[in-house]
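The structure appears below as structure tokens.
Chain IDs A, B, C, D, E and F follow the sequence of writing; residue 1 opens each chain.
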Amino acid sequence: MKKIEIIAKPFKVEDIKEALTELGVKGMTVSEAKGFGRQRGHKEVYRGAEYQVDFVPKVKIEVVAEDDMAPKIVKAAQEAARTGQVGDGKIFVIPVDDVMRIRTGETGDDAI
Amino acid sequence: MNAADTAFVLVCAALVMFMTPGLALFYAGMVRSKNVLGTTMQSFVLLGLGTVVWAVVGYSLAFGTDFGGIIGGFDFAFMRDVGLDTANSPAENLPHLAFMVFQCMFAVLTPALITGAFAERMRFGPFLVFSALWLILVYSPMCHWVWGGGWLGQMGALDFAGGAVVHMSSGAAALAGCLYLGKRKGYGKEPNIPHNLPMTVLGAAILWFGWFGFNAGSALAADGLAANAFVTTHFAAAAAMLGWLIVETLHSGKPTTLGAASGAVAGLVCITPAAGFVSPMASIVIGLLGGAICYGGVLLKGKFGYDDSLDVVGIHGLGGTFGALATGVFASIGAEGLIMGNPKQLWIQFVSVVATWIFCFVMSLILYKVVDAVMGLRASEEDESKGLDVTQHNETGYQW
Amino acid sequence: MNAADTAFVLVCAALVMFMTPGLALFYAGMVRSKNVLGTTMQSFVLLGLGTVVWAVVGYSLAFGTDFGGIIGGFDFAFMRDVGLDTANSPAENLPHLAFMVFQCMFAVLTPALITGAFAERMRFGPFLVFSALWLILVYSPMCHWVWGGGWLGQMGALDFAGGAVVHMSSGAAALAGCLYLGKRKGYGKEPNIPHNLPMTVLGAAILWFGWFGFNAGSALAADGLAANAFVTTHFAAAAAMLGWLIVETLHSGKPTTLGAASGAVAGLVCITPAAGFVSPMASIVIGLLGGAICYGGVLLKGKFGYDDSLDVVGIHGLGGTFGALATGVFASIGAEGLIMGNPKQLWIQFVSVVATWIFCFVMSLILYKVVDAVMGLRASEEDESKGLDVTQHNETGYQW
Amino acid sequence: MNAADTAFVLVCAALVMFMTPGLALFYAGMVRSKNVLGTTMQSFVLLGLGTVVWAVVGYSLAFGTDFGGIIGGFDFAFMRDVGLDTANSPAENLPHLAFMVFQCMFAVLTPALITGAFAERMRFGPFLVFSALWLILVYSPMCHWVWGGGWLGQMGALDFAGGAVVHMSSGAAALAGCLYLGKRKGYGKEPNIPHNLPMTVLGAAILWFGWFGFNAGSALAADGLAANAFVTTHFAAAAAMLGWLIVETLHSGKPTTLGAASGAVAGLVCITPAAGFVSPMASIVIGLLGGAICYGGVLLKGKFGYDDSLDVVGIHGLGGTFGALATGVFASIGAEGLIMGNPKQLWIQFVSVVATWIFCFVMSLILYKVVDAVMGLRASEEDESKGLDVTQHNETGYQW
Amino acid sequence: MKKIEIIAKPFKVEDIKEALTELGVKGMTVSEAKGFGRQRGHKEVYRGAEYQVDFVPKVKIEVVAEDDMAPKIVKAAQEAARTGQVGDGKIFVIPVDDVMRIRTGETGDDAI
Amino acid sequence: MKKIEIIAKPFKVEDIKEALTELGVKGMTVSEAKGFGRQRGHKEVYRGAEYQVDFVPKVKIEVVAEDDMAPKIVKAAQEAARTGQVGDGKIFVIPVDDVMRIRTGETGDDAI
């Protein structure tokens, strides 16, 4: 099994969710994040004191899936998340040893 | 000079002043957090800009010597002849300065009301220019027409505390604004959910609180009329909250907090022109209907497809209009409306409604176009998506 | 009619109105964020519902022609004979409407106070029904008994601004409520920590600010008595803040912000019945003791095991009771208490305390049972764990 | 006794009371979230402590029988001879208690202003001791000097509502405080960004609202002078907002929301000594200059390297000083300044500025040293980095 | 070493923490998340405009542990987090190459 | 490729960011977290009711990097994040199968 981590622009969450559900993905977990990268941040000024803010808002979407689903998910997520502008984000694929569904105790592919 | 009236009107002026930051909260709670300061600022800064414009020229245009029922002269420009005593004071029981500053708070609030229509997408500099011009070219004449000795007042139009001067005028400017500027990026696709509803409720509460100054203070004396305006204000707000919640529950299943706050504000808008003219029970009727009507008003934008971000047209435009007409129906104190057997008053109210909408809509549209041509009103796509806080003000609202 | 008094009482009415949203903030800051709107709404909506009930029937039951010291008649129902002048006005220096609307604000606030007891677990519809009935069947009679010519007032019970009418009545209803409804899901197991204490402090500040209207306004005139009530109100709040913080520091190690806010509110509650009857220094004593006592009051729920979510019993019930008795002890202005050598007053106060608790507790309990039987008061387990905001109002408080 | 004036001053006292929690919000929004309660508390608790100190001894020291122009006697200690009627009242049109409580609110606010200077690093217990001593040993004498019959008033120094008594005194104490305590941990390295600017804007709005009570109320009557003070207060705040925003835009590129709020407060500070002495147009000039000057004032700390956390020196110290001098220049109502051909007044103002700064700075410094020696003023490094909320008050501001 | 990621209902955090500390776990890291899955979300309505919110609040608990501790942790966490109702969440087991304790620079099992 | 997860004290974010950028790291993703460990929490009291809060604020910094960069990143991050006091945090190194840049669709080392 694989965990696919998608770092994307916040307003793309719904699009990505839809793209993945169309593929048959049944669940995912999202969290807020801040990203540093090629996309530049912005300046903030408080009573004349300047701060450079390099971190821009991002979301992280995590999906665990069967091995063969992983490439499809990566592809669909990339298409949904893409705007073509710098800062679109990254997708990481990470190996997963095992999964368990808390409610039932099922493990492996059944638990996804 | 009457000390009790002076005390009352000064305190009322303070209450009305408090409405502008109240409005800032009311509005800012409804936008997305990336625009919380930009939205706040569009109200808050008018306490600065609007006040100075009023002192320099606005008050004089509104209350200076009448020219043909259309506009006041420059007699009071730069506060000339506006003094500590009652000399020249439009309200002879009050120090001229007290009357002037009470009116000043209205002039500050009115352009702030408009900003809900184009929230989340206007550049700050052009906004300031637009607002200053609007105060001088739209608000001051309107104020003169109704309260400064102008033609609407002469005609007998009833507007106790600003149904036309404040709410219809800002509502018409709002409609012009959202039509002219177009929709926000992602409108209808991205969820556009209020980021902080407790802030909006607090704003509504401050508005309600300040509105006692707005309406009861418009009696310009601490008397039975003020008491009546106070009561009708409170009753209409209360009834409109219920009216909105009832219709909302029927329409979308549950009564919401935003609905309660919006309904209350709608009721306050509706009763504004009527406050001193109608009885308490009539104000409950006006409130109940007004709340229901304004709920319908906010649904209109979905039907017609304009993006009135915070429903200024639906609440202030429509509510002010309904209130003006309702005044023509229910007036029974110091004036007679339809129910007292005087259909003429309703006709006068109708004329004032039409005149106000046309004048304010057209003038506002021209101002948007002019300022746009010169400076560019709308924030760039990128700025809009980053939010006004960072792009217009170099700030963010919250750090956790 | 006295213009100065009218100005004063109208402004005071506005201040009291502001207390209800102040209370909404005070309470809403203390709940978990999933209930911020549900809790806000239970206060805020009473500005709508309570006002209309008061206009239609409540005011008349409280201040209409007395029937046997028990209840007022329907003379003033639907605001009949409640006019701009002083005719029929219980306060002959004020327009009848001014007196009525000042009282209206009390009627709105009192049921809102109760909601702290059953916060985070009641359904919204039944809550509305309960509150409307409670206003008519508990508040209006209580108000009549004390201020409307009823038996408690006739007996000589002293209640300057509502120790019995407002605080004991809501405290007793609160106790009945949390006993009847039972504890919140997970009470004592899950941490139940205030989600936004700055909001609670702001609420307490607004309450304090508004309480000047509540207590000083109860003098119904802008005179030395009003000044005295103003001062005792301020002093008692100040002293009670210190009293609470001292006891808290001894008991749990540090003075807290929530403690400062709670102590101030406790002091305001304690001084309410006494404000016009005691001297400034006596109010400091009452405040110091009251703050300490109410701190003890909130610990009681741990001892007895009821879940009074936001300590209405401990603060309003106990504080109101202590204040009523303290009035019997310290009264020295326009009345004589124990320290002036008049033990009888303390006995009268004691009787009024007992009568108020019994009447309000029993009536409230009956109302809970009836409404529960008909509609079901309590939110389902699932709704309670999802929170009231989403389940009762289709909203969430914050979006980041 | 004048009922209208009594009504006015009582309401103004309520407005001034509201400023202290307003200040708490203004300050607390600017600190990091881990210090939101600690900062709030340093203002809020003074409503308790300051009030009791004032009742017990402060008022008497300020307004009791004059001793050599330096200090008042103990005649009014424990509120002796401070009654419901006008007997002994410094304002003969007001109940003595009304005058006393109006002044009380000033005494509460002033030490709260100082706390911005040492925000985020002082222990709570020593802070309380310092504040109580400061009220008795710095504020009460200052108040006596200017308003209580002391030497500055006798000399003819003009201070309408507290440029010296409130703003310079707290500004000087602030400077002493941040010099004595040293910088916050990580100052200049870690970003020190306001955690909640809408809270700060709300605080500024409440300050503005309350300042009408502060300045107009200082007329101690509801008359033309009050109206003038009301107007100049409003105009100066408005103009200073613009003044600050203009300079800010030139200096750092964009007008900020924090700048608008800060500018408004700066304008309110600057006009405080002048409010009843200058004309409305002069107040606009004072505001414009004052906003610009105070913007410069906050930049000073960067130059000189002290850590005045929330710019009390830059805004209150500098603004109060500028306002006092500007009063000497622009006075034209009931007094004559430079522009009326009376340079002597400017000299008197200058003397009062120097005397106030020296007295308050030196006394405050001594008090810091004494309290520090006895109790230790500064929070430990670990506590400072955990934040005051958890370490001083066992609480956290927000739970999500 | 393994990283165990537990996605669970927010009010279960304390229970899970206790269950794991009983096993001897010395540290863990928790963050807020929103989950999409079989558990349905709710409707929100603002001035008549309806939004379907599919993401429900969850927490993510991350524990890194020695290989042989992993199954015990999974078991204990599942028991503690379980309510039996839909939405109880998932547990993922992910391989970890190395761990370092920042304070000391220790690596491997010593660093946990 | 590896993902390096750095759990650290919040005020260390800027230092870590700088240390990593000096190494040539081009991007990273940061999120808020709460940590439980040897560092003790604090007590909170609300109206006399006491709560022990065991979780203290932390940040999680995630960096995906080429295999040979990983040890350098770990070292630099440890140095930057270290205060020497308990609670400094942990660094985890986790294997990554693949990376994709959303904007371009590039994968592997090119995508980092």
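Convention: a contact is a pair of C-beta atoms (placed from the backbone, for glycine too) under 8 Å apart; a residue touches a chain by one contact, two chains touch by 3 or more.
This one's a predicted model, so the numbers in the text were calculated from it and none came from an experiment.
Asks: Hey, what chains does chain B share as contacts with chain F?
Replies: A, C, D, E
Asks: Starting at chain A, figure out the least number of steps needed to reach chain D through touching chains.
Replies: Shortest path length, in steps: 1.
Asks: Considering A-F alongside D-F, which chain pair is linked by more C-beta pairs in contact?
Replies: Top pair by contacting C-beta pairs is A-F.
Asks: Can you check how far apart chain A and chain B are, centre to centre, with Cα atoms defining each centre and the answer in Å?
Replies: Distance between chain centres, rounded to whole Å: 44 Å.
Asks: Can you give the whole-Å distance between the Cα centres of chain A and chain C?
Replies: Chain centres of chain A and chain C, defined by C-alpha means, are spaced 50 Å apart.
Asks: So, what's the distance in Å between the C-alpha centres of chain F and chain E?
Replies: 17
Asks: If a residue has to touch 2 or more other chains to count, which residues of chain B qualify?
Replies: In chain B, residues 2-4, 7, 11, 191, 193-194, 196, 202, 252-254, 256, 258, 394-396, 398, 400 touch at least two other chains, as defined above.
Asks: I need the residues of chain A touching at least two other chains; which ones are they?
Replies: If we look for residues of chain A contacting two or more partner chains, we find 31-32, 44-46, 94-95.
Asks: Pairs of chains that touch, anyone?
Replies: Once each pair is checked, the touching ones are A-B, A-D, A-E, A-F, B-C, B-D, B-E, C-D, C-E, C-F, D-F, E-F.
Asks: Please output the residues of chain F touching chain E within their complex, sorted ascending.
Replies: Chain F residues touching chain E: 2, 6-8, 31-38, 54-55, 58, 60, 74, 77-78, 81-95.
Asks: Which residues of chain A touch chain D in their complex?
Replies: 44-51
Asks: What does chain E use to touch chain C in their complex?
Replies: 11, 14, 42-46, 53
Asks: Taking the touch rule as given, give the residues of chain D at its contact with chain F in the complex, in rising order.
Replies: Of all residues in chain D, those touching chain F are 186, 190-191, 385-386, 390-391, 394-396.
Asks: Any idea which chain C residues touch chain B in the complex?
Replies: Contact set of chain C toward chain B: 1-4, 6-7, 10-11, 13-14, 17-18, 20-22, 24-25, 28, 36-37, 40-41, 44-45, 47-52, 55, 78-79, 82-85, 94-95, 97-98, 100-101, 104, 124, 196, 199, 202, 389, 392-400.
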